[in-house]
Each structure stands twice: as structure tokens, then as C-alpha cells.
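Just below sit the structures, each encoded as C-alpha cells.
Both complexes shown next keep chain A, but they swap its partner, so chain B is in the first and chain C is in the second.
After this line comes the complex of A and B, so read on.
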């Protein structure tokens, strides 16, 4: 038998999946123990107890000065920014993506422009955004929207263009107007793709969020990481990185679950 | 079992960061520095052969690396990748010393005398800062300066709202409508003060000798290799006496350092005027042995402790020992991690290098 035909059982698959995680944790524990043996005050690779202490301090102990629970306050601030920008980006991408995908005149007008704009590295625009829009929330949300919207528009427009031409012809023989075709033929088939598209853009969205928060902010997950970096508080940084990863994983799973719940026919397909 | 052990070691060695250098006699040293008026001589000395000259004299090699990011240079030093780094007295205490890396100030280069400033927009009195949002790099010397400034007019940090802002963005930030107060350092200060509505309401010349720029080295490395410290002192004082001399060579050195820090000779000289540079090692020795340094470090460590920067479990500001030049220790004598010494500067003063 060829190697491509060997398949692991469920138990083996689970064990194999856990292996890289355990290896990384093991490597960390060994490296941390070695450094701590050399210098008990080492901050670079804090031990498990120090990490537990950091979690307790950031998530469950109110700050002496402000009374805030930092982890939750930061999470709330970051998710607020992320939510607002994902909402705006999704709305723009759906509308513009469908228009560009459906109407050849609009496609001729906008498609090359969007293609070029999507190539602009958003982080390079950050200094400009800060001058034009100030250091507040607007510039942070704008950065994320600029960063992910053009790619989402293109993705959705391609999806619309990929729809079988026969469907559009059929709808027209049934005397559907352009608006009716948009609402009844194109939209239902584009929406599931929107979920997947959003899911794929979560990574870049987090990246832009943290970059914006690093430069100017008074709360947020990225703000905290770049603040404590000043005094090498790796215990807090590791805690926050793990938390951000967990949030991203949850959002990923939730979007997939939501898509299947709303559009059951997309289960198991590569939407 | 052996295989497993080997695998674990290889894994640890490859994934974990390099272990700190073992303190033993060695001949290759690495120095990190970042752009700041008081540290520009290091770059100049590297480019113009002064580093090589002194290294050869002591039979060692010194690699001088410029970092674009000051915090990263300190983090690299703390991680053990560098033997020496340029930093301020405050950051020396909060980063390497609090991270358990025993650190000695080999050279006290200068103190800020106007290079750090509190700047208000459309206001001329420091007291006007009450109720405003203040943009600054949190936990930096700017934050310390703000605390000292507020203290001088009977205000506390509760009376303002601090927003962490990266230093390269300060000049742009000041020109946006929602930024009305900020604290930063040169060269940003001079650029911002050139704008029409900016007024400096408090600067480091009002707290002279409190924001000190140092070249520090790992104490263990230094004790095992005193020649490294001597070479650093030799490099420093040769370069500084060149740059402060009123000769064509001195002017050329100032122009080169100005260009390297993104300005020109005039701009660099303006920054130097806001810096109390210890060009004469005797002055530096007098400064580091004066009792004022103890009072300064006490203020600094109290500030750091209040901000929680001496470690989360620190019971008091005494948690880290600071050894002064006369051997007295501020704080825990069993956990001395920051040391001031006049040894190397005294050698320079005695022409004994």
C-alpha cells in the first residue's frame, strides 16, 4: 500500500494532534528551568508559577490605583475596536463585492482600483492615519477596515462571478429584475462565503489592531503587551499572547458554527 | 532514555533562548547602544577606529551595535546577548537589575538638563495641565519627569489622564487636535517647540542630575575582565574630548554625530546644550561619588516601586540593592543588582588607562 492511503484511527489522530503542543510546552519548561537555575530573577522565560501569578494579577486582582481588572478591561477595549471594524468592513465588502461582481459597468469602474488599493501595505499608512484622524479610536478602526476590506471585496466579487451563469439566465427568463436577482439568487449564495471570508481575515485584523494599539492607547490587549515590554514582563506577555490566541480560535470556531447553523447546506463544503 | 534526554536537550537549546554568557575571562565583547544625544559618541568611535584602537591596546575585540529600538537594546542586554548597553539610571534599575542581571555603571556619561520636557499646547503654566490628557511613553523617564513636574505644583497623576504613545509619533501627534499635552525627549522636543502653539512648561533642567545616561556592563563579565571596562572608558573619554574640543576635528565630529542622529551640526549642538556632558572624567567621578546620587536613586526607585516596576511581588522599594560608589547599599544588601563605581572613570582621570 502507498503512504497516502494509510489513515490514523481517531485515537491516533488525537494523540498526533496533541504531540506538537506537548513538545512546545516541554521545550518551554526545560528552557525556563535552565534559565531560572542560572538566575532566579530571570524574566525572559518565567516558570509555570510565575505565569499563574501573572494570570491571577492581570485577570482577578483589581489594580490598586484604578480598581480595574486589566485583562478584562483590555479585552473589552480590543474586542470593541475589533467588532466595530469587522462590522464596517463586512457591510462594505458585502455591498461593494456584490455590486462589482454583478454589474459589468461597476466592475470596469472599481475592480482595478480595488485591486491596487488592496496592495497598499496598511501598516505603512499608519503614520498618515494618525495625523489625519488623531490618535483616538477612529484611526485604529480605520486601519483595520482599510487593511481587510479591499481583500474581502475582491473575494466576494470573485464568488459572485463564479456563480453558474445558468442561474442568472434562468432567473431572467422568470422575469426577475436586477434587484430581485441580487436579493434572491446572488445574496443567499454569497452570504456563506462572507462568513469564511471574515474568518480568514481575522488574523490580519488582529495584527492591525495590535499594531495600532502599540503606538498610542490607554487600554487594549496590544497596548498592555507593548507597555509591559518596557520592563521585560514576559509573564504578562505570554499570558496575553495565549489569551489572544484563544480568543481568535473561539472566533474562528464560532464563525464556522454560525455559518453551518444558518446555511446548513454549506456543512462540509469549502465555502 | 539517552535518546530522549539528548532530544530534550537539543530541543531546549534550539527553541529556548541562548543562556546568559558564563562569567569567565574572554576576549570578545558586544556593546549595544541606541540613538540619543548622550550616546552618539559610541557610534562615532566605532566608525572612526577609536573602538579598534582601544580594543587592540587591551588585546580584546569589542563589537559595537546600534539599535533602532532603545527598549529592544536593553532587553537584549538583559537576555544576555550583549555585555554592555547604554541606558538611563531609571531603566537600568527597572529592566536589567529588576530582571536579576547584576549591572555596573562603568561610565556616567551625562545627565539631561533640558533634553526632556513637558509641553503644553496653547497654555503657558504647568498648573494648566490639570484635567488634560497627557501623551507620553509610559514608564519611561518621561513618565518620571511628569511625576516630578506634577509634584512641583501640588498635583498628582490622578489629576491627568496618561495615554501611552510611541516616541517616533510624538511630533505628528502634537499636530492633531486631540493632543494638548505631552512629555517627550530630544530630538522630538526641539521639533515640537518649533511649532507655534507649543510651550515647554517643565523640563529636566529643573531636576538636574536625576535623569542620568550611563554605559553599563554585566558585573560578572566586568569583574572577570576588567580590561573590558578600561577599554570602554578609554574609548569614551577619547571620543568625548574630541567632540567637545573647539577645533575643526571637533566640529567635524559634532557634524557627523548630528547627521547620524537625523539632524545637523547646529541641531546636535543645541541638544548638547541641553545635556550636562561629563567630558572631564574628574567631573563624572565627583558626580558619582556625591551624596546627591543616593537621593536621586531613592526617588527613582520609589517612583518605580509605585508603578509596580520592581516586580509584582516586591514588598517595598528596598527589594533591589543599589550599591553606590562608596560601597554603601541602598535597599537589600543581599540582592545588589545595580552598582555605581568610579573605578574606570578615576583611571581615566588619572591618565592611567
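After this line comes the complex of A and C, so read on.
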């Protein structure tokens, strides 16, 4: 039989999926054990006990000076920024993406501009943002919005353009105006794509968030990572990286689940 | 009524001539089948009637008024694919036109109006044999049922003209025969002029009152660009099918070889040959 025709059973698939995770953990454990055997005070690859201690310290022990639980306070600050910027980016992308996708005149006006703007490396603008908007929340949120909105607009505009022309013709023969077509034909079929688009932009959004927090902030997950870097606290950094990854994974799954729950006809399709 | 007059229409894309010198009058209540080989411009012609494209030269009038250069509610359409909205249920698809009609800002009907529209839509759904599937999405329907839905969605608007672009081409023969029966019933019972593009000759001669063939008379490679397709045949079905009247012969039989006492405009054979 050809290799392309061998298909794993459910249990085999699950086992295979777990393999790389176990392998990475194993490699870490071996490396950590080897380094600790050489030097019990090694900070680069802390052992399980040290990591457990870090989790306990960051998540469950109030700070002696401020009484804060750092992990939760940082998470709250970061998710607030992320949520605000994702909300703004989504709203802009949906409106502009639909307009550009539906109306040839607006497409002629805006599409080339958006294509060029999406090529601007957002991190290079960060100093400008900090100078113009100050070091507060606004500049961080703006950075993320600038970073992900143009790509989301283009993605949604392409999705609108991808709608079969037949559907638009059919809607017109059913006496629908441009506005009605936008609300009843284009919007419902673009919204599911918005979820997928948002999902794909989560990665860049986190990147911009952590970059902004690393440079100037007094709270947040990225702030903490770059703060404890000075003390070579790999135990805290690893804990935070794992936590951020977990948050991102949960967001991913939640977005997929929401999409299918709200738009049942998209089940099993690659939107 | 809805007489469509096509006068000396040419359609060109850049240097490519697709249709040339097309003149045609389609009488109200007729059922015209457009046939021809692939790529000969019959679908292009249908898009011109639809208003989805504008002819390069020539005019098309509907009841004496020039055709508006965009699709409108007076001309319904069913395509081979993508005719129904995948995000709406069967009921939602049929309801769509009723909700859009007569307003440019309303996005759904409410209350009494909505109940009335649902009643109308249900009657239409029943007429195409989809009762019981109102809450299904198109993806859950078979190909034949999707095309029935597309017909219901178009006909609930009571268009004067129904344009069909190979609507039954992707269906298997049994399903196609069923939907042909439905199509005939709908044509007889609704005040409708039908123009259907098909590549299935049998379908054309089973359903239509008139079969029109498109053909490129000059089809050598060096000629292909500068010469488009013409109307090469215009065949009226005999005995004539008349909307709302029973057809004297079954569709799958040859036409009668003996005079039946009806008038026709070619020389009457007084005696069967060889008698």
C-alpha cells in the first residue's frame, strides 16, 4: 500500500499527538538533571521542584510588599490590553473589509493603500508610538491594532470577493439593495471567517503585546518575563511562557467552538 | 406580459468576439431552450438577459423598455451551482426575497407581515415538494432538492421571466426526470416566460416550446478570436406546447407522422408517404 493510504486509528492518532510533547518534556528533564548534577545552583534549566516552587510563588503567594498575586495581576493587565486591541481591530477590519470587498470604487481607493500599510513593520513604529502617545495603555493597544488590522482587512476583503458571484446576482434578482445584500448575504458569510482570521492573528497580537510590555510597562506578562530576566529566573520565565501558551491555546479552541456554535452551517468546513 | 426583444447584439471581451448579430424575439409565456457546444456563448447570452453584463453593441428590451444593466426582481434566475444561500435554512432562503421586496433598508420582516410571508413561502416550498425540510440548511439537501429550493426561491417573487443556466446539468437522470415534471408543472401554472441554457438536447426538446442553437460557423484557430457565435437553428416544437394546455403527445414519443387535423405552416402531407 502507498504511504498516503495508511491512516491511524483514533487511539493511535492520540498517542502520536502526545509523542512530541512527551519528547520535549523528556529532553528538558534529562538536560535539567544533567546540568543540576554538574552544578546544583544552575539557573538555566531548573528542575521540576524549582518550577513548582516558582508557580507557587507567582500564582498563590501574595507579594510581601504589594500583596499582589503576580501571575493573576499580570494576566489581567495583559488580557485587558489584548482584548481591547483585538476588539478594535476586529471592528475596523469587519467594516472596512466588507466595504472594500463589496464596492469596486472603495476597492480601487483603499486596496492598494491597505496592501502597502500592511507591509510596514509595526515594531519599527513602536518608538514613534511611545513618543506620540506616551508610555501608557494607548500606545500598546495602538501597536497591536496597527500590527494586525491591515492583514485582517485584506483577509476579510478576499473572503467577500470569494463569495460566488452567483449569490450576489441571485440576491439582486430577489430585490435586495446593496445595504440588504451587505447585511443578509455578505455579513453572515463573512463573520465565520472573522473568527478564523482572529484566530490566526492571535500569534502576532501576543508578539506585539509582549514586545510593548517588555519595553515599557509596570505590569503584564511580558513585563514580568523581561523583569525577572535580569535575575536569570528561568523558573519564572518558563512558568510564564507555559501560561501564555495555555491562554493562547484556550483562545484558539474557544474561537473555533464559538464559530460553530453561532454559525452551525460552518461545521466541518475550513472557513 | 413579458416580450423580450434582442436586436443585433454583439458581445466582445477585448478582442475576443463571443456573440455576433444575435436578433431574437421571445414571446410571453414561451419556454425557450438555448443549446450549443461548450464555450459558444449561450451562458454569456443568458447573462445579458439577466443584466449581469451589458452587450457591447445592440439592444435588449423587455416589454419595450430597455433592459436595466443590473439584475432585478422582474427576472428570476437559477444557476447550476451556488444558487441558494448556504447560511440560510430552506425557509430562510425562500423567505429572503419576500423580506427584501419593496424596501432598500429592511433586513427582516416582523410580526404580522412576517407570518404572512412565512405562509407564502411555505406554499411555495410545498409546490416544489420540499415540505418537511424547512429547517434544513442547503448542505443537508441533495443536489435535486437544492435545485428545487432554488426554483422556489426564485418563483416566490413571481418574476415575469425565469432564466435557467444549466440548472439540472449536475443531477442524475432519475432526479432530473422528476424535476423536469416539476418544471413543466410550474411553467404551466405560473405566468412565466422561461429561457433555459442546457447542453442536454433531450432536456431541451422535452421541456421547451422552442429550441435555439448557438454555433460558431468559423471555428478555425486563427478565426476563433474575431468571429463569435451566431444563432444557427431556431426550431419550434411540433405539435406546439402551449402554457397551461395539455400537450397532445407524450414527450418521449416521435411527433405524429400523420396529419392530426391541426394547422401547421409547412406543406400539409395529405397522404402518408408510401400509401
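Just so it is clear, the second predicted complex is superposed on the first by the 271 of 271 C-alpha atoms of A that agree within 3 Å, B and C clash if a C-alpha of one lies under 4 Å from a C-alpha of the other, contacts with A are read in each partner's own complex, and residues count from 1 in each chain.
Quick note on the criterion: a contact is a pair of C-beta atoms (placed from the backbone, for glycine too) under 8 Å apart; a residue touches a chain by one contact, two chains touch by 3 or more.
Since the structure is predicted, the reported quantities are computational estimates derived from the model, not experimental observations.
Novice: So, does A:31 touch the first partner chain B, the second partner chain C, both, or neither?
Specialist: The first partner, chain B, only.
Novice: Per the contact definition in the header, classify A:243: touching chain B only (first), chain C only (second), both, or neither.
Specialist: neither
Novice: Quick check on the superposed pair: does A:45 touch chain B, chain C, both, or neither? Answer first, second, both or neither.
Specialist: The answer is first: A:45 touches chain B but not chain C.
Novice: For A:103 in the superposed arrangement: first (chain B), second (chain C), both or neither?
Specialist: Neither partner.
Novice: Between chain B (first) and chain C (second), which, if any, makes contact with A:232: first, second, both or neither?
Specialist: Touch partner of A:232: chain B, not chain C.
Novice: Output check: A:176 vs chain B and chain C. Expected answer is one of first, second, both, neither. What do you get?
Specialist: second
Novice: Looking at chain A, does chain C or chain B touch more of its residues?
Specialist: Higher number of touched chain A residues: B.
Novice: For chain A, give the residues common to its interface with chain B and its interface with chain C.
Specialist: Comparing the two interfaces on chain A, one with chain B and one with chain C, no residues are shared.
Novice: Within the complex, which stretch of chain B touches chain A?
Specialist: Those residues of chain B that touch chain A are 8-9, 11-12, 15-17, 19-20, 71, 74-75, 78-79, 94-95, 98-101, 135, 137-140, 161-166, 169, 172-173, 175-179, 309, 311-313, 337.
Novice: For chain A, which residues are in contact with chain C within the complex?
Specialist: Residues 164, 166-167, 169-177, 179-180, 183-185, 188-189, 263-265 of chain A touch chain C in their complex.
Novice: Give the list of chain C residues in touch with chain A in this complex.
Specialist: It is residues 50, 52, 70-73, 75-77, 79, 81-87, 96-97, 99-108, 137, 139, 153-154, 157, 159 of chain C that touch chain A.
Novice: How about chain A: which of its residues touch chain B in the complex?
Specialist: 23-24, 26-28, 30-32, 34-35, 38-45, 53-54, 57, 127, 130-131, 133-136, 214-218, 223, 226-227, 229-232
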